Amino acid sequence: MRPARADERVAAVGLWRRLLVKPELGSLIGAVVILAFFSVQSSVFRSLSGVANWLDVASTLGIMAVAVALLMIGGHFDLSAGVMTGTTALTVGIVATELDQNIWVAIAASLVLALAIGFANGWLVTRTGLPSFIITLGTFLMLQGLNLGLTKLFTGTVIVRGIAEAPGFHSAQLVLASRVTLFGQEFRIAILWWLLATAVASWVLLRTRFGNWVFATGGDEVASRNVGVPAARTTITLFMTTAAAAWLVGSITAVRLTSVQANTGTGQELIYIVAAVIGGCLLTGGFGSAIGAALGALVFGMTQQGIVYLNWDADWFYFFLGAMLLLAVLSNRLVRRYAEAARR
Amino acid sequence: STDDTGGSGSGSTSGSGSSAAAGDGDLSFAVITHGSAGDAFWDVVQKGAEAAGEDLGVGVDYQSDGDPQRQSQLIQAAVNQDVDGIVVSMANPDALQDSVEAAVSAGIPVVTINSGADRSAEFGAIGHVGQDETIAGQGAGQRLAQDGAKNVLCVVHEAGNIGLEQRCAGASQGLGSDVKLLQVDINDLQAAQSTITSQLQSDPSIDGVLTLNSAVASVAAAAASDAGSQAEIATFDLNGDVIAAIQDGSVAFAVDQQQYEQGYLPIVMLKLYAQNLNTVGGGQPVLTGPGIVDSANVDAIADLASAGTR
Amino acid sequence: MSEAGAPLLELRGIGKDFGSVIALDGISTTVRAGQVTCVLGDNGAGKSTLIKVLSGVHRPTRGELLLDGQPVAFGAPREALDAGIATVYQDLAMIPLMAIWRNFFLGSEPTTGWGPFRRFDSATAKEVTRRELAAMGIDIRDPDQPVGTLSGGERQSVAIARAVHFGARVLILDEPTSALGVKQAGVVLRYIAQARDRGLGVVFITHNPHHAHPVGDRFLLLNRGRSMGDFAKGELSREELTGMMAGGDELTELAEELERPAGR
Amino acid sequence: MSEAGAPLLELRGIGKDFGSVIALDGISTTVRAGQVTCVLGDNGAGKSTLIKVLSGVHRPTRGELLLDGQPVAFGAPREALDAGIATVYQDLAMIPLMAIWRNFFLGSEPTTGWGPFRRFDSATAKEVTRRELAAMGIDIRDPDQPVGTLSGGERQSVAIARAVHFGARVLILDEPTSALGVKQAGVVLRYIAQARDRGLGVVFITHNPHHAHPVGDRFLLLNRGRSMGDFAKGELSREELTGMMAGGDELTELAEELERPAGR
Amino acid sequence: MRPARADERVAAVGLWRRLLVKPELGSLIGAVVILAFFSVQSSVFRSLSGVANWLDVASTLGIMAVAVALLMIGGHFDLSAGVMTGTTALTVGIVATELDQNIWVAIAASLVLALAIGFANGWLVTRTGLPSFIITLGTFLMLQGLNLGLTKLFTGTVIVRGIAEAPGFHSAQLVLASRVTLFGQEFRIAILWWLLATAVASWVLLRTRFGNWVFATGGDEVASRNVGVPAARTTITLFMTTAAAAWLVGSITAVRLTSVQANTGTGQELIYIVAAVIGGCLLTGGFGSAIGAALGALVFGMTQQGIVYLNWDADWFYFFLGAMLLLAVLSNRLVRRYAEAARR
């Protein structure tokens, strides 16, 4: 016999189980499993310097994953997200070195360009009604060509160099590529940007009108338009958000490496999507979380570095990477099943 | 192999008449390599070929694809366009045999570059310019051994790329012991830096790092300092950053295949062949390297590398 | 409130095609403040298509739509909503994966806070949702439950409560009571009467003559996409209405027939 | 056909939970050949959940299901179908992007030809679809039309026609008439009576007392997931039934109330 | 006034317009636009030898695109499809050369392996309920690692050579890699395989029960399960079909090139999806056509080779590729809009 309750149609379920069913906490399980797996086997992995190292990998990936997750919740893909980090980094580099501008001017120019590309993506998707997959594949390929063509046009080589000499570089470095010492270990500031991006995205998604529209547009675009959600505006804003994230990552890359290769970022778009999916985003839209995506990026980053820390044969790197990812998502799945199976 | 060269030479003489008749002033050559788009090494090859085209007043069309099937389709496209000569890099000679022989039998002279020297004459090419990646790798390995490195990390930036594997395999031979491989992604250099850092943290006995791309060299140097490792950094290929790094000592040396010549010389050879039926060295491979750039000679070529021709 | 008042909405020769499908042709009627316009017709007659034209979902292929006597062309449902027209769609227009309270306020979210910290006032939203549903006789367990897991009637109730809450001048209801229990259906009919008495124009679609007759003031009859006439209540006896609804009291005869043959 | 015949389906203490939600608890009833079992209850009472247990969509969390006296556990709707149980789901279980005839025969496609050239007999399928729908009073334009573009009632008719066509021993109908016109609803009631007379067991859910009373033989009353009793028709007067359906003839009173105050 | 008709609710629409609205004919428009574009500008492109060349490019891509389209209509992705062409080609090579088997034995072994992988993909997807995107990403990475690791294990390098020396090679070459002369021009036999695959896939999709299940599973898996469609079996079969297509392409590659690189096929999976989407497949499943996917592959192949025939600067290759793809899908879209706008 169950105890009498306010509503006899609801059974008592432990806090623990209720938490486990949440999507972001689900991906937390994956992260914990991977963390435990590598920590047990490698002391360097669990050392502070190791942590700083894999957090660094997760950070730029995570900034993108969070933005891509928002877009995916809104029901769209952006295949140009990866190459756009290259476009923005190259723009920062070319404007700062070839056009001899202050680095902040270059960063601002890069932002304007990124937002323009994001707007174009969103506008094309909403106007033509074609799948975003194919539209952004078009922009992906075009940007890839532009990155190479323009870099060679401006520099004669496939690399933009000398960003460190641009005026204003030191202040930019401070903001985008410095290190912060914590517990005697230096951490990259990009990690802070990552946390900030996750927090802002989560807040927007769960606490604002815009967030409500994102879920609705991704869940059922026709229905949401019927009740008055400005679906086109929401979609365009989401594409611009992804572009802005690419700009942030591109600027961090440019300032940190001080030289940028023309093919930077190509192929990363898939990894962003993967991180978002590990974090619980549905590919069909309408469901997911920003924190989940950030955790997905963490899973990916830890796995990538963990395999190296364990000194496993590099030829098999991708094999282990794949196996670890499956381990993360399957363990998440198992635990949630257990949680949902509930009081039987 | 000498008879092969003779055979192919006479075989293509008949065809060359037609291409010569097509007009002397208007020669056009196709360069088809297995480099991926934006690859720093192949960019220099392309630049060499295009410079030769400009210098000699001939047309040069550069195409590349890392997939041998695609490469053979590109060769077929060049044959269809009836170009006056084809330059091919042969990382995977078996896969290209069919299409190279088809070009030769269509009367189009072929020069092979970079790898595939041992099969070049067999396929009927009129010459080969290049430096086998394995030999280049050996050069790097020997130099690392000289500098006292024992446990060397070879950073592969494109999984399964045959040229990169050959460089690492060559380095093992030159070093006299197996190098340790590490996979990174050339398109995400920040992650590459972290990955190299991880490797150096987890295996402090590594005392040499060989990168196969100039851009990876810079992040490898940064990774070594992050990890507090004393490992010697060496790399294939040059760019302005690597030159600066060699000058300030953070990179010890760079293997320079002088791949500019692998682009430039075949165009010269094809032009001479088209106009004069000349071949070079009786079809024997023309070697372009390896040269080693280190603190001793870096200053001389610094400006050239920054301009992207070294 | 009288027949003489200027119509809120007027339709003149409205038609709608989907590719080669002619769903509506030559429909004219008026929706007046304080009146209930019932749209009647067989399945597939074009009733839902008609109300989608009114609510800005479809642009009419032919004909004119007048709001307060001015021709309008709603480009999007948002524009109709902004003109005070709230609709309960037959397919309900709900996002299954979203919580009840999020669906309730979708497109018209209440906010709180200033500037960049302006946020969706979720406490109010949950409170209002629970209250409005309770008023309809629906006792939800938790406003956070995804709409996709609600029962058919619960879902329909959410859509109705939402439209009633936001309807300012015109309330359009497309078979609102189809999945509702007798009690809940009664509540909805009362809502309609209340809205009418508050001076809203109501467009009401139903297949149930017991629902249509008590509240309707005008009856627009559709058949295979064409109008079969547009009658004021006075012009139409109860019997005629029931007859128009394809044999409303045939049902009583049917009942006799359905009883099993005696003795079995 | 009598009460004494062995039940086709028997439920013993069935319960179903979704996570912390208790949708059903302790439900027992029987479905007999040649009888119509009506399931009554408010919105959210658990009626749809119950029939989903019968049709193999949900596995019950508690309790036992017996088919011909043997305990069964349907792992998938396919197994229930193979046992001759056909269902009209409240959400209709249609694929919006697929043609009407493809939906009609989905899962039970007729084939023609031999061996590797065995193919879906589309001519027959289209023909049967058109015929069965015409028999229900639905005149479709083209069997190739995607189901997603049908009107609500047309779509419901397709689902009903499908279940009637394939139902062999038990026919389960979850609010089949909710979106139907009076005429079409009458046809469905006749179908139910015919199925009953052919010796099928029918489970029928409706909110309309005018539909439930004439055809029902047994009445299972649900409230908030619990059973309020399971009555044979004889045990229950017409008045009691209407009372059970939450004031069926309150409607008449309501009608009076809804008429506008005199003089306005 | 319209003429009296059988059903007054249906207006007369010209055959032409009715055809234009069909998905596969839609993608035909894209193909025609691209064909016209390049043919006008390059005489070699429109010559028989040119046609044979770009048909060759489209053929292997097309075989995969058709299988991937079926899978996508069934509501799933297979990111491992590209790398699986490498796995199968390498298996053929390793079994034939390192294990010294007859080439037909090697091809058979490769088929068994492919079907096993396809089964594993499908089984994991149906059992775990996780998105196929993430499951096949796991297999993608694992296979990539396996391809490299095993190739190096067997051969010591990243290339398997000497397939031409295997017994039975000539008969295999005849079937998989010969050329057929038509109008005095040699065409690759792979083109035939492509046409065959398209025809069979179309037939299965439109004329069989299984095809009906594919549409239903992709359109609404829950609903189709509710009416008795064996959704899990359908999904697994689809994954095995994709794997079988990868085996066909892999075998063709191995026999044609006589040597196989360990990274064969990596990255192609996206192109298959692209071809299917150009051909009108929805990413959300439930809609699309095999012929459309074949035409999508044709658009892609023509564009890829057309740019080469026009001698456009290779640095800008991707830019042009992207622009051409957008041109193809947008023109398709425009024409269909015009067709749908109908009799106004």
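Should a chain be cited, it is by its letter among A, B, C, D and E, assigned in written order, with residues numbered from 1 in that chain.
Keep in mind that, in the parts below, a contact is a pair of C-beta atoms (placed from the backbone, for glycine too) under 8 Å apart; a residue touches a chain by one contact, two chains touch by 3 or more.
The chain lineup, named per UniProt: A, E = Xylose transport system permease protein XylH; C, D = Monosaccharide ABC transporter ATP-binding protein, CUT2 family.
Source: prediction; values computed, not measured.
Student: Excluding subunit E, which sets of chains remain joined through contacts?
Tutor: one piece
Student: Show me the overlap between the contact partners of subunit A and those of subunit B.
Tutor: E
Student: Could you give the separation in Å between the centres of subunit B and subunit C, each centre being the mean of its C-alpha atoms?
Tutor: A distance of 72 Å separates the two centres.
Student: Using mean CA coordinates as chain centres, what's the subunit A-subunit E distance in Å?
Tutor: Distance between chain centres: 30 Å.
Student: Centre to centre, by mean C-alpha position, how many angstrom separate subunit D and subunit E?
Tutor: 43
Student: For subunit C and subunit E, let me know how many angstrom lie between their CA-based centres, rounded off.
Tutor: About 47 Å, centre to centre.
Student: Got the subunit C residues that touch at least 2 other chains?
Tutor: 21, 91, 139, 141
Student: At which residue positions does subunit A touch at least two other chains?
Tutor: Within subunit A, residues 9-10, 144, 148, 152, 267, 313, 315, 317-318 contact more than one other chain.
Student: Which subunit B residues reach two or more other chains?
Tutor: Where subunit B meets two or more other chains at a single residue, that happens at 37, 159.
Student: If two chains touch, include that pair; go through all of them.
Tutor: A-B, A-C, A-D, A-E, B-E, C-D, C-E, D-E
Student: Give the list of subunit D residues in touch with subunit E in this complex.
Tutor: Touch residues, subunit D against subunit E: 55, 57, 76-78, 81-82, 87, 89, 91-98, 102, 105-109, 111, 118-120, 122, 139, 141-142, 162.
Student: Show me the residue ranges of subunit D that touch subunit C in the complex, using the header's touch definition.
Tutor: My answer: residues 1, 18, 21, 41-45, 47-48, 90-91, 137-139, 141, 145, 149-154, 157, 175, 178-186, 189-190, 192-193, 196-197, 207-210, 213-215, 245-248, 250-251, 254-255, 257-260, 264.
Student: Within their complex, state which residues of subunit E touch subunit A.
Tutor: Residues of subunit E touching subunit A: 77, 79, 128-131, 133-135, 137-146, 148-149, 152, 267, 270, 273-274, 277-278, 282-284, 313, 315-323, 325-326, 329-330, 333.
Student: Write out the stretch or stretches of subunit A touching subunit D in their complex.
Tutor: Subunit A residues touching subunit D: 8-13, 18, 21, 340, 342-344.
Student: For the complex, give me every residue of subunit C touching subunit E.
Tutor: Touch list, subunit C to subunit E: 17, 19-23, 61, 224-225.
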